[in-house]
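Labels for the chains are A, B, C, D, E and F, by order of writing; each one numbers its residues from 1.
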């Protein structure tokens, strides 16, 4: 089960490798990110606009399925300005392709800085979110359907179809962040103190340790 | 060519039938729109949250192709909170499916209040936008590709493939608005004064009249 | 352990009883909430300003300690415009007093719509948050100290002192929301499907059921 | 008619020479732009505040009429922080003086990132805008009157008086952008494909070419 | 000198009669205010859009000079959606005409919710603002010139010309508010406690009382 | 009374030493300010995130009382990202401890860019604010109570208790600014013209000079 941590960490990179960005309204027509700049601000530095072409605004990185051959059975391929799609910088939108193997789960997670629209390109999913009163809003969606996850709330997907599912997710921030709850709690480094997790989940310290091991901790 | 106006007006409904909405940050977990309320504000009134279920957050209205059997050869099927998808209210995102017949064009248009991400579900398109210095940023995109149109700038799509194209567009406003330039200028009611259009385009008044007739004016 | 759910639900009320509010910039000098209005919008309706007095802007509800005699050993007393402090409406701030018994934990939780400043009125706490790369930022704070939790990220507190602790937390939203992760996942209603939780935490379905029972599910 | 393009390009400079700016709320008292900085961000870099004086906040560049001796018969003189008025940086406002010869037209155009208030210093104008339902809201305004153009919508002015008109326009962005529709479509470089324009306007390819020539293309 | 208070109160109405408005981004094309609605929210309720015409967006209320025959020698004529110009609602801009008699002063004041651009239609003014380090940025401006006052900072104007001055001011809020400092402190009701003012200004209680009398208190 | 100016200037430093910051929504998990950077923008440059630890988010600078042995009898100890608490950068909140000697006054002042919540750690205060209609909203608050001052409006505190008071204030901007009205008007440099102050307060030029002397001018 050691791969669990590996996968989670890879997903975590979505947000933290793009540590400098801003979702204020754009002021310029565009500001294609210059990923070579050493300057770190609340926003990515722009390339010289004279060097920008139409190709800067296209993104071809999600044409193909990601590799779901890992412990979770999922692959998230981001189109974010700090990672793979510099043309999105300052425009207030992020995108990703999510591939889910048959029966696999995208673990409960939050996006700290955005709401998310999910579009099912192909497949059948059980999905939902939990509101701040612990009420679950869930349903089944199929090819061609859409679901909305409100900003910051815990949500999840489960592929209940008979084939791998393909979904496209769009979020209204150029760096929405993703916090996978199980690994954020049980796979964090340095580890969260055992007492915090034991008391919070109503389990014993040894049970905490067992779960942690699943995340390589 | 009288259908041109008809089509344009139908598209125009996207925005103006949802006259009351707001893209301020959400404050509540959600606020599913109550489309029966007579109160008109800068935002849609919420349903009683106790009556909300998971189904309110799903949208199944774009599973199937729209009817492109019209003068333009395109169909735009919106998922907007004031029209067809009340669960999006206050969450800062809108969606639509755009079907384009072989060789057909989505005319140059703007979204006054949003940037737009376009995802090609199927097909091959020539697309681009014009910046405020009259420079064009265009390219060809195919199945699985993405393109971004910055807020407010004129853009267009042309189906250059050998089959009808299917695209999903997501905008970072719950009511982005769409202003199709040719019909906004030549099909407007009451008509814009002939002198304005003739001088602006460097054509004669009679040429203005000819173009206007194409839009039923 | 049945009290766990009871407590969590009570805390959950913080956010969902104030389902209609907005954190857009204020436009008026003030807009004291009219909690008797039936109109539900993305913002609370204002009282007649002619009836407003200085007392509307004061809040005396956190002078005394809350009752920590419950399964978690904590008490959260909110000062939010939809609950107890109508004068805050439209002004972009919320407040709460948090009392924590010796050794007790505020479980890992998020605020979906705000950053939080914590001020220690009295006591000694181990606290921290987890970033989206699963890195923990933790420390010990004491009487007179302050800690900041960035918007939307999971965080927690543990009273490591020799007496009950008293903290004041201020958030930059009038309805920040609070999502206690353990109860949002294991105490939610209707329950999240067992397969989702088992796969996400790398535990068996029966272990999921055991944890759920701790939350009364 | 070759001057048409020349004029349009000059106007286009309004926006694209100020490619880096932001309309987020100001945080500092002021941030007078340092136009010599090579750093390109979503916002202009500030001068050392110790060198700022009262004169930085005054703008004398629109005391006199612009030169309307060109093919359009109009002159737009901007007061924008990236061009001529660095003191406006971060403060969310832009200004321009617009001179219009007798009978001349400011072509239909949009501002992608702002609403606009127009104040008539002297003259008589027919003006209006088109909403997203292709309805025109037009009227005649005279010396001392004001008109508002909502964010992003197409609008125009025509001098119907017996003398040159003088107007002052103020927009709620420091870089609102201006997109003159006729030149954005028919004078763009590289040219928009002929098929797009022909189908969009319901005219023949040869008619497209004729209009393009008017814009020097 | 009893008129001082009268004048100040009249100016104060600018803001407080428009107690319900919002400066969030507009979502609809427009939302002309319905001033007859009893509903009080953080934003003005919209008229039925079907009844809106071009005239709703024009404002003719500042064609003529206001009456400066009062103790201060100034007249402020507002164009604000809650008072006189409903078409501005939701569009983020406010306007006013300010007439100043020869030698008269617009007292030091702030706008709590906006920056302000001042355009001199006619006259010669000494003007400036104070930053939060008590440094003054002042200058002399004349017909055709512009000055910017950053959000929230104290500023003032003095007519130093040989004729009455006419200025147009535009602010980036539909209800910026105006707080005239002398009357806010010495003419307030109920009065601010004498000790607060005496200690703050370093004057005796009897001096406080003398100044208060000038404001009718 | 010469110390008055000294004190005021010290307080003024709160805002102007942090001339570069932004309150746009955060995009990254955090952006701890790098106070050594020479780059001045509308926002503080970030430290390398790899060097950030939990301690960066804690602030211990207000554990102890400030020195109130000055002419005003007050001490303001700020926790702001540009001054003393870099971890707050981009997170939209600022904090300060305010100590007030028995009988002392925090002079009427504004925060140009934030609303403020005041929490009384210890003591008894008369406090209030003035709205834009010159109406005062005042009350008495005691240990454990809270008061809210709306954005930009003049407010004040007076210690009416029998011991020094301790309050914590939190504002919803990382650089809210503070403008102490008496020193902004009578202690400003260069001085505001005598005529402006005399006419505004309805006092003689010699009375203006006497008050100015109290501020060292």
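Rule of thumb we're sticking to: contacts are C-beta pairs under 8 Å (C-beta built on N, C-alpha and C of every residue); 3 or more make two chains touch, one makes a residue touch a chain.
In UniProt terms, the chains line up like this: A, B, C, D, E, F = Germin-like protein.
What you see is a predicted model, and the numbers here were worked out from it, not measured in a lab.
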Set of chains adjacent to subunit A and to subunit B: C, D
Same-residue or different-residue interface between subunit C and subunit F, half as cut-off: same
Per Cα centroids, the chain farthest from subunit D: C
Fitted rotation between subunit B and its twin subunit D in degrees, CA, nearest 5: 180
Repeat of interface B-C, chosen from B-D, C-E or A-B - more than half of residue-number contact pairs shared: C-E
Subunit D-subunit E separation of Cα centroids, rounded to whole Å: 28
Inter-centroid spacing, subunit E versus subunit B (mean Cα positions, whole Å): 40
Subunit A-subunit E separation of Cα centroids, rounded to whole Å: 47
Intercentroid distance (Cα basis), subunit F paired with subunit E, Å: 24
Where subunit A touches two or more other chains at once, by residue number: 15-16, 22, 24-26, 29, 39, 41, 43, 112-113, 128, 131-133, 136, 138, 150-151, 153, 177
Contact graph of the chains (line, ring, star, complete, other): other
Contact pairs between chains, per stated definition: A-B, A-C, A-D, A-F, B-C, B-D, B-E, C-E, C-F, D-E, D-F, E-F
Residue ranges of subunit D in contact with subunit A within the complex: 15-16, 18-24, 39-43, 112-113, 173-175, 177
Subunit A residues touching subunit C - in the complex, by the definition given at the top: 1, 4, 8-9, 12-16, 72, 103-105, 107-108, 110-113, 126, 128, 130-136, 138, 150-154, 156, 158, 177-193, 195-197, 199-203, 207, 210-211, 214-215
List of subunit F residues in touch with subunit C within their complex: 25-26, 29-30, 52-60, 62-64, 79, 85, 87-88, 91-93, 95, 115, 117, 119, 121, 128-129, 131-133, 136-139, 141-151, 153, 168, 170, 172
Interfacial residue positions of subunit F with respect to subunit A in the complex: 22, 24-29, 31, 34, 39, 41, 43, 45-49, 89-90
